[in-house]
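Worksheet: the structure to be examined is printed underneath.
Every chain is named by a letter (A, B, C and D) in the order it is written, and numbering of its residues begins at 1.
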Amino acid sequence: METLNYSIDELLTVTAARELAGKNVVFAGIGLPTLAVSLAQETTAPNIEVIYESGVCGAHPSALPATIADSVLITDSEAVLNLASLFGYVLQGGRIDVGFLGAAQIDKYGNLNSSVIGEWDTPSKRLPGSGGAHEVLANAKETFVIMRRHSERSFVETVDFITSAAPDMARKEGGRSKARGVTRVFTQYGVLAREEAGSELQLTGIHAGVDVETVIKSTGWALKVHPDLQIIPNPSADELDLLRTEIDPTGMYLRS
Amino acid sequence: METLNYSIDELLTVTAARELAGKNVVFAGIGLPTLAVSLAQETTAPNIEVIYESGVCGAHPSALPATIADSVLITDSEAVLNLASLFGYVLQGGRIDVGFLGAAQIDKYGNLNSSVIGEWDTPSKRLPGSGGAHEVLANAKETFVIMRRHSERSFVETVDFITSAAPDMARKEGGRSKARGVTRVFTQYGVLAREEAGSELQLTGIHAGVDVETVIKSTGWALKVHPDLQIIPNPSADELDLLRTEIDPTGMYLRS
Amino acid sequence: MVHQNLRKSKVMGLREAIEKFVFDGATVSIEGFTHAIPTAAGHEIIRQGFKDLTLVRMTADIIVDQMLAANCISTLVSSFVGNSSAGSLGEIRRRIEDADPTKLNFKEYSHYGMVCRYLAGAQKLPFYPLKSYFGSDLPSINDEIRKVTSPYPNEDGEFEEIYVVPPVNPDVTIVHAQRADQWGNIQMWGLTGLQAEAVFAAEHSIVTVEEIVSDDLVRSDPNRTIIPSHAVSAVVEVPFGAHPSFTQGYYDRDNNFYRDWSAISADKALLNEWLQKWIFNTTDHSEYVALMGEANLERLKVGDAFSTPINYGSRIN
Amino acid sequence: MVHQNLRKSKVMGLREAIEKFVFDGATVSIEGFTHAIPTAAGHEIIRQGFKDLTLVRMTADIIVDQMLAANCISTLVSSFVGNSSAGSLGEIRRRIEDADPTKLNFKEYSHYGMVCRYLAGAQKLPFYPLKSYFGSDLPSINDEIRKVTSPYPNEDGEFEEIYVVPPVNPDVTIVHAQRADQWGNIQMWGLTGLQAEAVFAAEHSIVTVEEIVSDDLVRSDPNRTIIPSHAVSAVVEVPFGAHPSFTQGYYDRDNNFYRDWSAISADKALLNEWLQKWIFNTTDHSEYVALMGEANLERLKVGDAFSTPINYGSRIN
């Protein structure tokens, strides 16, 4: 059988889509999360209602959205909520099964930094900040993180600033979040995972041809490798075909 | 000049409409308050935006409404708000200039009872309760009360139950309401008034032919008569004509 | 697209929906602020004979009087107990004034207190603050109305107290609306009350609608959707499901019925006859509507007053 | 009717409205969550040279970068400082990272923290509770984020703590929408964000719209009104008033502009040239639009996707 060519982004998208199997309400960002949700709707999770921070529920865009507020997300959608309802009733109300986030830094418990590199009041680099990320991690039943560059600079022992707190950390302070926090991290090397708050993110899967030592070296904490580490099956011809011909035909996000 | 015939309800409506001079945002109930607002819009207060507890703002009904939620209030109105916005942003937000209320009992400071006659848990008569009345009195800049039957049973020294508290009473408990509370009470005998919370409602006006002693006897507290008690001018031919030919042509509320 | 075929519909029959989500002793919210009261659903609860319900409803009106008379309710949480402007409610008054046949357990609030309980419930908050209740006797008869102190000094430098109410999280909330798609996206216009908050506050929700409509119709106007699919457990098509209240643009309020109810409910025998004829002797709401008769339905008809279409826009570049 | 003739219109010009309601040192909220950002109003504030503003805005994006570069802002209250997905904001980063030319006083929140500040402001509450912030470093750098204790025991019988934020009550809030009538009834569709809350929280409000339309058009669809007349101080017709953001159904987002801004704002000289050419050298927004040129306006055009009319009903019996 012939081996297929695919890009890292296609690999990440396919891997994330598979993990969405059976999910219903997914809070997506733009780019790979949106593509992963679309692929899951076509394959593993037909019931997914996709929700965007801007207030759109059940989007059916005529073209791939450039932002979470792209006009194509609104036209022909199932509902548009204002922000008080979206954040108060949907997110804090605990209606989200899976939230997608990215971050500049992540630690072994899934605390996320998207605020600053360095000290908050004298940062070497100012990042955008929380936006809704803090509320997604605090309220979504579980959160998937996509980190396209797995390195010691982004996978750290201690994040410079906790923008979005893992439930583990929240509970230490007396918070009573029922969220599971970060349960999956998708990188170019594979998948870090945990099932519940309180445990460390472990390496549970690697992509074909990836060397475990490389992953460990690229992680700023002593990364534990799950006893039955899986080799993640390559994207199938069907998955790649859906991505390339139906979901992102112009290669807006998936330049090969 | 010929003397005109008019009903008590017409007299009350005209008197209330005159007191709305220059007001902008009025929270109205069904019946006389609605008629008074309509008359004021045609005469003393063209800028009035009338608001109903059901959420309607700027109603322009094609027929006189039978309830505060009558479908004719919604069709052709300027805005419809949900209850969280109506009570939270408009009422508690302090946007209402004048609120109209009725009550079974009122005391000299304008505390209102619309809950029970007798004890709350063993009432001789159960009344509807607060509805939004408590919030209207607590939040409208001032409140006008219409009491069609001025008697010792309704104008009492102490109300059986404080459903809607005068700001006077609220401040005693540490409340910081900036509302003026009840500033006008319209009855078949005339008008009781005060300008600010903290002072008693006094008899400031009587209708032509009303004997002050009768009003005092019909009041359950030692009613003070204002030093320059006015005789309220009779409804004018224009006012009656507007009421009878334009505002309530079918005599739905103003049976003569 | 593929997933449209596999996606699960939320359309159910009324009997099935009530059977599935209501249970003896449940906390049930029935909302609709004088507009779109889900009367048909209340009647089906009576037909199925559920007991010991804690009923949560801002305006306890005719449907509550009927459910009390049918002995479905043991506790009432409400801010208004009256037959609108048309008169009073015999069954509620007998139970409160005379404990006849038994005393009603009544948790009384003001309207905004009820709204805030739903707001806290929908937002999963432990409490919701409001500027009401200072000086009122309501806190003295309802110990759920409490106070907290603000951590911010006011303009006088004081840390002032404010009243709060607890969340309400019904086991099931039932509301009525004009229309929905098969996925349970609920579209409503006219008075929208606090239907969305009541649904988001609940564990499950049943929404009765005048019409189940096409996906395309709903998606031609997404801002019209006041409750999104994911918050709805069951959507049920029940024409005239809000009678004797009204559904904006579909039929008007039956003011005669409201007026007549005062006399009916004042007399236990008449009230029981009414329940027998209109609820127990009908198998479902379609038979209730048939019993109303053409003349009554004709009387409640409304004319047309259509909104002007707005443009959502489409990508052309 | 008589009173319609006497009723006061709220229509104003943009220069007049900004002059009347903005002042040096004012707290100004400019809202619009990526949709309908009132850019033209922000530019007019720059033209009139107001100083020491406390700017409140959830998503501090290009308009904030421009107002900072023009030295209008001394304090920023925000939950996101970035050029959407298109890159970063040079002026904000220089001021935060290098205190160049001066250090920005930045009050940082999360999005829902900002939403709750507006909710408290609109409801005139001393604080608003939310389930955020436990475990985060945000409270350690923002002492306005505090805690209160619930007066109700939770399922474990504990009186749990919850974080709260203080109200924000801007001196003036500025938002943009599709249309309004002359009385200031604001109609909006697509993303409505928290425009209503921001307006209700404010002492005064200025709303720029694509079109001032007839009373009849607004009143044909009252549920479309998201802000009622009484909450609006001034309504201003400003076509393309939200460029480079978009107005649903009127024109699309100028993604090129967002992309270009990263390079422009990274270079002080380029940024000042931009301010000179597009703001100081134009007398008002119509000249700004003229400067954009036909080709650009053409590029942002959208096609039609009209909503299906709904029936509000009329009384016929």
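Throughout what follows, a residue touches a chain if its C-beta (ideal position, glycine included) is under 8 Å from a C-beta of that chain, and two chains touch if they have at least 3 such contacts.
Predicted, not measured: the structure shown is a model, and the values here were computed from it.
Looking at B-D and B-C side by side, the one with more C-beta contacts is B-C.
The contact pattern of A-C recurs in B-D, the pair among B-D, A-D or B-C where over half of the contact pairs coincide by residue number.
Chain centres here are means of the Cα atoms, and by that rule the chain farthest away from chain D is B. With centres defined as mean CA coordinates, chain D is found 38 Å away from chain B.
Chain centres here are Cα means. That of chain A falls 29 Å from that of chain D. Here the CA centre of chain A is 57 Å from the CA centre of chain B.
In chain D, the residues touching two or more other chains are 123-125, 130-131, 154, 160, 189-190, 192, 196-197, 220, 223, 248, 252, 302, 305, 312-315. Those residues of chain B in touch with two or more other chains are numbered 56, 71, 74-76, 80, 88, 92. Under the touch rule stated earlier, the contacting chain pairs are A-C, A-D, B-C, B-D, C-D. Every residue of chain D that touches chain A in the complex is listed here, in rising order: 33-35, 59, 78-82, 84-85, 88, 92-93, 96-97, 108-112, 115, 119, 130-138, 141, 154, 160-161, 189-194, 196-197, 246, 248, 252-253, 255, 302, 305.
Per the touch definition, chain D reaches chain C in the complex via residues 123-131, 146-152, 154, 160, 162, 164, 166, 178, 189-190, 192, 217, 220-221, 223-224, 248-250, 252, 299-317. Residues 30-31, 53-56, 66-71, 74-76, 80, 82-84, 87-88, 91-92, 111, 115, 120-121, 123-135, 138-139, 161-177 of chain B touch chain C in their complex. Chain A meets chain C in the complex at residues 24-25, 41-42, 46-49, 51, 56-58, 60, 62-63, 71-72, 74-81, 85, 88-90, 92-95. Residues 1-3, 5-8, 122-125, 181, 183, 185, 196-197, 200, 218-220, 222-223, 225, 227-231, 312-315 of chain C are the ones that touch chain A when the two sit in their complex.
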